[in-house]
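Across the two complexes that follow, chain A remains constant while its partner is chain B and subsequently chain C.
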Partner chain A sequence: MSALGGAAGGSEGFSSPIGVGVGVLLILVSLGMAYYFGQMATVIALIGIIVGGLLIGFGVHFVPVGGAPAAMGQSPGIATGVAMLAAGAGLAGLFGGAWAAEFGFAIALAAGAVGGALMMAITCFMVNVVYIFAMGVPSASGKVDKDPITGDTFPEYKSQGTEGHGLPFVSYVGGVVGGMMGGLGGTLIYIELLYVYEGVLPVMLDAGVEEIMPLAVSLAGIFAIGMFLVNAVIAAYNIGGTIEGPHDPKFARWPRAVIGAAVASAVCGIAAIMLVMV
Partner chain B sequence: MTVKMEASAGGIPHDTVMAYGLIGSLVGIYLTYLNVLSGTEIFSFFGGLAAIAALVWGANTIKHLCSYGLGTGVPSAGMIALGSGAIAMIFASRYGMLAPIVAVIVAGILGAIVGFVSNKIVNMNIPVMERSLTELSIVGAMSLMGFTAMLGGTFIFDEMVAGTSTFLGFVFADYGMSIIGGSTLAVTFMLAAIALQHPFNACLGPGEQQDRTLMLGAECGFLSMIPIALMSFAFISFASAVIALLVSVAGWCWTYVQFIELSKRDAYAWLDAKPIHEPKGGE
Partner chain C sequence: MENILFGIGITAVAGALATIAGAAEDTESDIGSQGDPNSQVQLAPQMGFIHRIYNKAISGEPPAYGLWCAIGAGVAWAFMAVQVNAILAIILGSLVATLVQGAYATTAYLGRTASLANFEQPVYIDLIRSVTTVTMAHAFVAIFTTVAMCYLMNTALGHPFPLPLLALVWGIALGAAGSATGNPFYGKERQYQEQPFGAGVSISASGTIVRYGEAGQRSSLDNGWFTSKMGGPASGICFGLIVFFELWRTVIFEHMAGGWGAVIVGVVLIFIFMALDRYIEVWARKTFGPYAKPEEAEATA
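The block that comes next holds the complex of A and B.
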């Protein structure tokens, strides 16, 4: 409740059928527009963008986000918001993938995934160093009694009055997997847009491919960042604050975010493609 | 565990702020077109003022949206606003003179769809969600377009991709030296996002007052204008960039003093603590 009279948002349960119906319709309209204004290659590029958005929306759910309570050692996870953390992991991956773009599709995607995973691995490691050696709290989850991977037990380490603290092993693994998916998704959006712009911009501006490369890279980059943030925030709204990782009950909400991310990516993607098609 | 967000009721009605913000930003961006009419680049700074009009409106929208428990923190709203706004703004810049109006329409459509997704598919069920995200997307597009117009003196795609560089006395086209090719949009994006998300994030709480939050919004906008003015030395004439810099610094000083005054007004008590003097000669 707030002074303006609003109740807290977010709820359990699956999306409304009307919402999903309209969402699917929007995706189909976007694909149809891609086919109408471009050709089959444009449709494939848009599908790549949608898949990239799906990966981002799904990947964010793996990342252990603690928010403000985590900063005080009162809940497990990394002590910042979902949007910031996802943006950090995704952009690190995007930079890795953009650097490797000239080596081909598969290597660029792999570089993006490794970049995002590496960023999260370093973050999770340093977070645990700070928790354990600076704040003096052991890693203990508040949502489960046993770590699903290592089998470590948590209740005897959990302080009274907290929801757990630190970053248990399963959350660490979740963070790395989430970073990998985010980096992969962000790079996929970037690469698909880059290929579209590399194909169309030389004709549009009557210039060589080498000359328009700064434009293509810059446009694909800013669109990829924009779409990444939209997808990450939709996933963040779905999580509604904090999540411990793949073992958290909130993880089961992921289908809603995946549908939402697909719709948002399709609509944003068609705008990014139509920039050079119309 | 969600943090309780408290915002004040009353003050200027949101619809009025929205009207001023929308009209102010459109007029400001169109005033930069005086550059083309007069053949100079003197009027570029109007773009920054347009962005500030949009950012003040956005700060009020964020106040309405985030007073519902989003659970994700206030900055996420600024990020989604600029994310969808950037796409709309670049898309719209293709339409020449109509670019600002097309940007409002396209950003409105994108924002409405993202709001629909958040409310109906992600099940947020927040009554103001669709409207707020539509507004924020427009705010993102207008602030980005305003700052871009200030940076390069233009909001038209064909001019934003055109750049020249000089080599051995010869001038030739170089897309890497243009506003888009030089990736200045990425910096502009973040400067606008920070200015949009900070005001309510800093002012929320039991003593939140609308005029103080909006004054902080204007202050953050002018603060973001200063680096844009510095960057504009690379794209517009020296005199025009100096004028933009002077306007930014003067605006920032004035809004900063005003914001401190409002903070003193709202504070329970105010102690003007002097800096601690270090004894001369160490130890």
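The block that comes next holds the complex of A and C.
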């Protein structure tokens, strides 16, 4: 029950079968349109975009975000917004992935994943530097009594009147995994769109591949950033404010965000493809 | 070899620019109170504490900086397209973006503060005059350095993204790194300066922000003076490290191990930072010690 007497918000799993049904229908329609206007390669590209969106939506749940309470040392996590931080990490990954695109599919994806993970590794480290050396508080989770990775105990390290503070090691690892998945997903979307544009734009504009590359790269980059933000915001709404990482009970809500991210990616993806197909 | 040396030089300059950008971004957001701790600035009048702190948090720092840096880079790009010198073009672009930031800051302060009229929080016209210009100055530094860094990535290092797109990506990352690192220092150590050091702010103390300085009421400019001692530099180091290592591992190791060199070095760096984080976490537990004995903590939990 919520404070207003209604059903508790943010329950785990799929709360609406009709919603899931409409979502699946939208995905199928998008795939059908991709096949109708393009060919099998376009369908595969759209599937890649959907998988990229899934990775982003799932990955955001790993990122330990404490919001405003964390900024006062009232709760653990990074003192900023979920979508904000995930976008920062994922786009840093996209930067690396796009740079490595010339080396092939696998290296570009790995570069994107590592770029996002490295951004989060450095950010989480500096966040703990500030918590420890500027605020003088040790890490203490508010959701579990023991760190699942290191076995550190937390209750005695929480200062009075708070839910914990700092960034425990399990949250640090969660942040790195979240950044990795965000960078991987963003790069996958970028590369799939780039393949589509590289194939279609030369015919459409009657120009060589070299000539259309700046346009293809720009379009794919803008759509990848846009889709990243769409999926990050969907996941942020699903989380509902703050999350400590994979050990937080809110983490169990991820299936609903993954469905939402898949539908949003399918619809945004087909729009990005239709831009050059119709 | 010359190419690698050139790349290392560009990487170092880009890292230095990013460090300045991070420090300026955090100081700007603290003076303007745009980060998460602004929830307390908004809450204080509702608890009866009227204050003279600026209040412009109508957007998170990442999208705001994504917008301003993209505007700066877009205008600079347009000037460069008509053969204006690159440095002059980036300065002009950053100026235009700073004007947009100024309009954003003014309207945000007026809107957010006017919404507190029911709680008798006044809109201080002198604050608009004195604080807005200081946030604009810091924003100019952050935008100029970010756009200049992106220009180097695009022109000297050959990143495929066009300049405005690069500025959007790195503007968002700048806001994310700056807000993540700098917010706790502004929130806990400045707004709740009266609370004891070495502990979080008790939830029951929410809204009771410090409003008076050494002489009279505290202004947001005092907050910038304070956070530039730790939150700003820490944010700068954070963003500088991100940019430097991202470029360094790519420039030096990209062509090694069949293209996997930069990826492998990236993984090694992640594990190094992970080990450093664990080291300081354990150090803090040992040095600060528990607030309560384990059995007492379990009894009260």
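For this structure, a couple of remarks:
The rule is simple: the second predicted complex is superposed on the first by the 265 of 278 C-alpha atoms of A that agree within 3 Å, B and C clash if a C-alpha of one lies under 4 Å from a C-alpha of the other, contacts with A are read in each partner's own complex, and residues count from 1 in each chain.
Keep in mind that, in the parts below, contacts are C-beta pairs under 8 Å (C-beta built on N, C-alpha and C of every residue); 3 or more make two chains touch, one makes a residue touch a chain.
All values derive from a computational prediction rather than experimental measurement.
When both complexes are superposed on chain A, chain B and chain C clash. In the superposition on chain A, no contact is made by A:A34 with either chain B or chain C.
Once the two complexes are laid over each other on the shared chain, residue contacts for A:I56 go to neither chain B nor chain C. Of the two partner chains placed by superposition, only chain C is touched by A:A79; chain B is not. Once the two complexes are laid over each other on the shared chain, residue contacts for A:G260 go to chain B alone; chain C is not touched. Contacts of A:G19 after superposition: chain B is touched, whereas chain C is not reached.
In the superposed model, A:V200 lies in contact with neither chain B nor chain C. In the superposition on chain A, contact is made by A:C268 with chain B only, not with chain C.
In the superposed pair of complexes, A:P155 makes contact with chain C only, with no contact to chain B. In the superposed pair of complexes, A:A236 makes contact with chain B only, with no contact to chain C. Residues 67-69, 74, 81, 83-84, 87, 163, 213-214, 217-218, 221-222, 225 of chain A lie at the contact with chain B in one complex and at the contact with chain C in the other. By the touch criterion given at the top, residues 1-9, 64, 67-73, 75-77, 79-80, 82-88, 90-91, 94, 106, 110, 113-114, 116-129, 161, 173-176, 178, 180-183, 185-186, 189 of chain B touch chain A in their complex. Remark: chain A residues 67-74, 78-81, 83-85, 87-89, 91-92, 94-96, 98-101, 103-104, 107, 110-111, 114-115, 117-119, 121-139, 145, 150, 152-153, 155-169, 172-173, 176, 213-214, 217-218, 221-222, 225 touch chain C in the complex. Across the complex, chain C meets chain A through its residues 35-37, 39-40, 60-63, 159-162, 165-166, 168-170, 172-173, 175-177, 179-189, 191-192, 197-206, 230-231, 234-235, 237-238, 241-242, 245-246, 250, 254, 259-260, 262-263, 266-267, 269-270, 273-274, 276-278, 280-281, 283-285, 288, 290-294, 296-298, 300-301.
On chain A, the positions that touch chain B within their shared complex are 2-4, 6-11, 13-16, 18-20, 22-23, 26, 67-69, 74-75, 81-84, 87, 163, 205, 207, 211-215, 217-219, 221-223, 225-230, 232-234, 236-242, 256-257, 259-260, 263-264, 267-268, 271-272, 274-275, 278.
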